[in-house]
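Take a look at the structures below.
You will see chain A twice below: alongside chain B first, and alongside chain C after that.
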Partner chain A sequence: MLSYFARRILVFAATLLAAALAIFVVLEVLPGDPALVILGLGADDAVLTALRADLGLDRPAYIRFFHWLGDLLRLETGVSHTYDVPVGGLIASGLGVTGPLALFAIGIALVLGVPLGLIAATRRNRPGDYGVMIFAQVGMAVPNFWFAILLVLLFAITLGWLPAGGFDGWQQGFLPGLQSLFLPALSLGLPEAAILARVTRSAVLETLGADFVRTARAKGASESRILLRHVLHAASIPVLTIMGLQIALLLAGSIVVERIFFLPGLGKLLFQAASQRDLVTVRDTVMLVVAAVIAINFLVDALAALIDPRPKVSA
Partner chain B sequence: MKMPVNVCLILSFLMFGLVSGVVAPSAVAQVRDDVVLGMALEPPHLDPTTGNAAAIDEVVYANIFQGLTRIDRTGAVQPQLATSWVISDDGLDYTFTLKSGVTFHDGASFDSRDVVFSLERARGEASTNGQKGLFAAIETVVALDPETVRVTLSRPQGSFLFNMGWGDAVIVSSQSAETNKTNPIGTGPFKFVSWTPGDRVDLAARDPEAPIQRATFRFIAEPAAQQAAILAGDIDGFANFSAPESVILFERDGRFDVVIGSTEGETILSTNNLSPPFDDIRVRQAVAHAIDRVELIEAAQFGLGTPIGSHFAPHHPAYIDLTGTYALDLDRARALLAEAGLTDGFSATLKLPPPAYARRGGEIIAAQLARIGIELELIPVEWATWLVQVFRGKDYDLTIVAHTEPLDIGIYNNEGYYFQYRSEALAAVLADLDRTAIADQRFALMGEAQRIVAEDAVNGYLFQLPKIGIWRTGLTGLWENSPIQANDLTEVRWQ
Partner chain C sequence: MTVSRNFIIGLGLTATLVTIAVLSLIWTPYDPEVIGGSLRAGPSWSHWLGTDWAGRDVASRLMTGARTSIGVGVVAVAIGMIAGVGLGVIAAAHRNWVDDVGMRAADVVFAFPAIISALLITTIFGPGAINAIIAIGIFNIPVFARVSRNAALTVWAHDYVLAGLAMGKGRLRLTVDHILPNIAPPLIVQATIQFGLAILAEAALSFLGVGVQPPAPSWGQMLFDSQTMMAIAPWLAIFPGLAIAFAVLGFNLLGDGLRDMLDPRL
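The block that comes next holds the complex of A and B.
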């Protein structure tokens, strides 16, 4: 078991190093000069040179790479080219929005998706099933940015119940915070709910035919006990795996959704930093996201192993 | 078996109702003393004396920071921190008398040393001022006494007082200059309160009697989101709204005022004058004859924008209408191409930066030039790529961009500028302009310069970018035009 974990951690570190190299190289190759973006059309050669030196861009690439690796090892972030403040603070404030948004979206996806999948599976080939499958199909097909605009049109403009966007921070209270995140979370969470409904449906259907379900039925267990205790338990493994993958998708989706709802989150930070060639912010933020996705997948694997009742074969 | 599933469903819908339903109706106040304005671009930081982002000035100009002079809503130069000035007969010495009793927001008092510090910093070796050229003519800056400063120029410069009114030339204190990026300290009527990157900047009035006590700038890039935020009442308006396609919607809505003004943005089909066949003036003239500005403005700008025939803003007193220099005439255009030996037309590239005027305009221009046999390949590029490839690298045939600096016809004389255009006649006119301080003579010379670049068909001259102001009825005092990039709040109030 110990060697298993040691191996996992080695793989984790190697993946991070590869990711760091890839991120750095891509950003180096990308056309664009941060100093030029800052100075724009008025750029004067002397000022450009001064600014490049100020930003540390006059040093060779490999030195900047090793410098960055050193920072990463010490868990330190650089100073943003555009904002001229430590990236750590920018990431923290972005996470304060994107974190709750992603959690909220996953919550919506779970609360809608799993029960709908269950309904569909237990009413297979009946109207309930068709209803859920139509929802799932539409939910997956509708692009979330378009859905977001429709939500704003209805809830913010026509009904005036919710703000059209923005986030005033949690210091305004929990409920106002939840309100401003509700529409973005819904537009992020609904497509995920659709996917989860489908996955749950097929996982449950597959499990319903398993031997242990037949045994449980033979022992006289009630249908609801079979469904909730045995079937859902076993079906939760594929559902969990898909959810792990979806978290990475949620982070990508937040780039679009945060733009539409003008939320000051991680997605907006990343988008803006990339278009302004704020290389320091882009690489630190992407690195964090990469680490988070790898860590989440690791956690999901561990959880799935815990849930799986079958005896584990030691590697 | 049905129960738990249904309970889950009911719960989830309850959650929906709970979150969306509980909203307190907004209280109706008497006269508001706060204003929330939207901006499309977020400032990277808040120091106007470093970098070149227009969004910085749109937050801080005249609100937080002030210069020796200021540019007012009509584009005229007005006294600000300098109450008056005397210009020597040779046009080289400017003696400024400074306003007394002025303090910076941190309590430090303002005097001539701050002026010396600010100007020396802006033109110094280590300067990262985005418009360092504004200070190029300065030879010395001397404090004669705490309230008098003398600036000596190395050569006469007619635009010097105007230059000192730019956001890049504001006066900062030596004590706070280094931290102005995140905590701007100026002499203006509004103090900086807080900045949430990606979201907003909050300002508060210094004078407790001022009609606007709290001002907020919120950053909303997406045109659809801008529209939604105004309609939902999250913000009071946009001084510079990004979506001309939605203007009609606001015009029909009695809750909003729509004010279409002008900007300093000459939108041009920039042409690489050294890239064959555009190095042949006949080819550039043919392009000019083929451009249908009315159609372009209708299709790409939904009718908003003023046609231009040269590189000059139509609202400026020195403007002359040169849109007839190469009037729409496809036969003439084809004849010119034939003269240049291009009877069968040719193909070229058109690189398009992200703004909608460029991407939409590019499609129309391509269709118009196709009529005379010029086939354009449209290449969308990111802004950062555009700066490196087109602006610095001059690796392009044609591109569309709005040049937003005020009175910037001088760029045609910049060596190595991306148009790659040289004209001795223009250089002479601009040199004269630099030496002249008398308004009438300056205007005549500006007219001369406009005519030269128009006749040489250096670029395709398309339209002046409009300033689309949309705000709640009752809000007054915002600028109609933007002679410089600013959201001056000093005259804003609710009625």
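The block that comes next holds the complex of A and C.
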């Protein structure tokens, strides 16, 4: 067990390193002269030279890469070219919106998706099952940004119940903050719920046919006890794994949804930085998002190994 | 082999989509790029789905937009399939360091959703359809690499493949003769599903303005344009979204149906 986790941690570190290298190569090696990318072709020579010195471009790329890695390990970020402040502060304020938004969306997906999947599996090939499967197919096909627009159209423009966008910050109070995040979280969470419902359904169906379920039934355990105590436990592994994989898409989706609802989150930061060619901000923000995706999947794998010790023998 | 209901509905939707895209090459009700006429007119007999902020016919733009979606999907899936399947079957054939490095590299690429890669590429090269296709294609590579490696490994375990190896056939030869034909079914299913995802990703990127550039019509960009006029012209926000949803639904159902038919275990 210990050597299994030691190896997983090693792979985790190597994956992070490779991701950092990929980001660095795309942003700082491929373009040749990053200073020229930031300032554009018509830039003044003196300004270019100053920026090159500022970015340390007189040093070879591999030195800059290791320098950046050192900064990352010390949790230090570069200085944004457009805002002239450390990227860390920008990321922290964006994370204050995107973090709660993602958690809210995952919460909605879990609360809706898992029970729906359970309902479908226990009513296989009956109306309840068909209803859930239709919801799942529609939920997977509807783009989250279109769903977001429809929600605004209904709840903000037609009914006027909720704000169409904007976020005044958490200092206005927890409930108003939650209210501004409700529609964005719903538009991200509902498509995820559709996927979770599907995965839960097939995982539960597979487990319901397992020998230990038959044994539990033979021992006279009640149907609800079998479902909650045995089946859900075993089915939680595929559900967890898919949730881990969906985190990446959720964070990517928040870039689009934040734009629709005018939320000052990480997505907005990354999108603006990319349009303004703010290389340092793009580099550090993408690194954070990608590292979060890798870390969450690492944690999910570790959790799955703890729930079910079998996979680690073969892995 | 029984034909599944999902397959029939999926085939119907995707065939309609392809027909509309092909039809748009020779005929659309109006020129999709000509501006003028009545602006933001609601659906009527002369303009079935209304007109947009520049007076362009929405139905004609949706028809040409179908071409964009399909074009991006085909190229992005082709990139992912060629590179991913190549990597996957080589990894399965050798099971040495190539396998280890290749699969770990696939994990790394998998941590970059298409939107993130597209924004990375846009930062350096500016926005454009080609960049969007490359970003979506790159995201498809690890998906096909994993599916083809796993499928190929089960084929390699068969005795007749090992017999071929014992008779002195090369691993490349065996891969071409036996592995590739046998892993085709799961790859076709995966390609169908990735096609739907590619349409979604292209729409998202064009919505953000880093995909297909105007004046070429794309569904995502039509949705973005509709946002500022939602209160007065809601149909502009409805029809492009419906088009995306039906296209993706079609490919998802087609993939599910194909899986039901090709892989009876599930």
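We take it that the second predicted complex is superposed on the first by the 259 of 315 C-alpha atoms of A that agree within 3 Å, B and C clash if a C-alpha of one lies under 4 Å from a C-alpha of the other, contacts with A are read in each partner's own complex, and residues count from 1 in each chain.
Note that contacts are C-beta pairs under 8 Å (C-beta built on N, C-alpha and C of every residue); 3 or more make two chains touch, one makes a residue touch a chain.
This one's a predicted model, so the numbers in the text were calculated from it and none came from an experiment.
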item: First (chain B), second (chain C), both or neither touched by A:Ile23; value: second
item: Which of chain B and chain C A:Val152 touches, first, second, both or neither; value: both
item: Which superposed partner A:Pro31 touches (first chain B, second chain C, both, neither); value: both
item: Chain B versus chain C as contact partner of A:Val138, first or second or both or neither; value: second
item: Contacts of A:Leu270 with chain B and chain C, given as first, second, both or neither; value: second
item: First, second, both or neither for A:Ala235, with chain B first and chain C second; value: neither
item: More chain A residues in contact [chain B versus chain C]; value: B
item: Contacts of A:Ala216 with chain B and chain C, given as first, second, both or neither; value: neither
item: Contacts of A:Ile260 with chain B and chain C, given as first, second, both or neither; value: both
item: Touched partner set for A:Val289, first chain B, second chain C, both or neither; value: second
item: Common ground on chain A, meaning residues reached by chain C in one complex and by chain B in the other; value: 30-31, 37, 149, 152-153, 157, 259-260, 275, 277
item: Residue ranges of chain C in contact with chain A within the complex; value: 104-105, 107-116, 119-124, 196, 200, 203-204, 207-208, 210, 220, 223, 226-227, 230-231, 234, 237-238, 240-241, 244-246, 248-249, 252-253, 266
item: Chain A residues within the chain C interface of the complex; value: 11, 14-15, 18-19, 22-23, 26-27, 30-31, 37, 137-138, 140-143, 145-146, 149-150, 152-153, 157, 202, 248-249, 251-253, 255-256, 259-260, 270-271, 273-275, 277-279, 282, 286, 289-290, 293-294, 297
item: Chain B-touching residues of chain A, taken from the complex the two chains share; value: 30-33, 36-44, 46-47, 50-51, 54, 82-85, 90, 93-94, 108, 111-112, 114-116, 118-119, 122, 149, 152-153, 155-157, 160-167, 169, 175, 178-179, 182, 186, 222-224, 227-228, 259-265, 268-269, 272, 275-277
item: Of chain B, residues touching chain A in the complex; value: 1, 3-5, 8-9, 11-12, 15-16, 19-23, 42, 44-45, 51-53, 125-133, 181-182, 196-200, 218-222, 224-225, 228-229, 231-234, 382-385, 387-389, 391-392, 403, 405
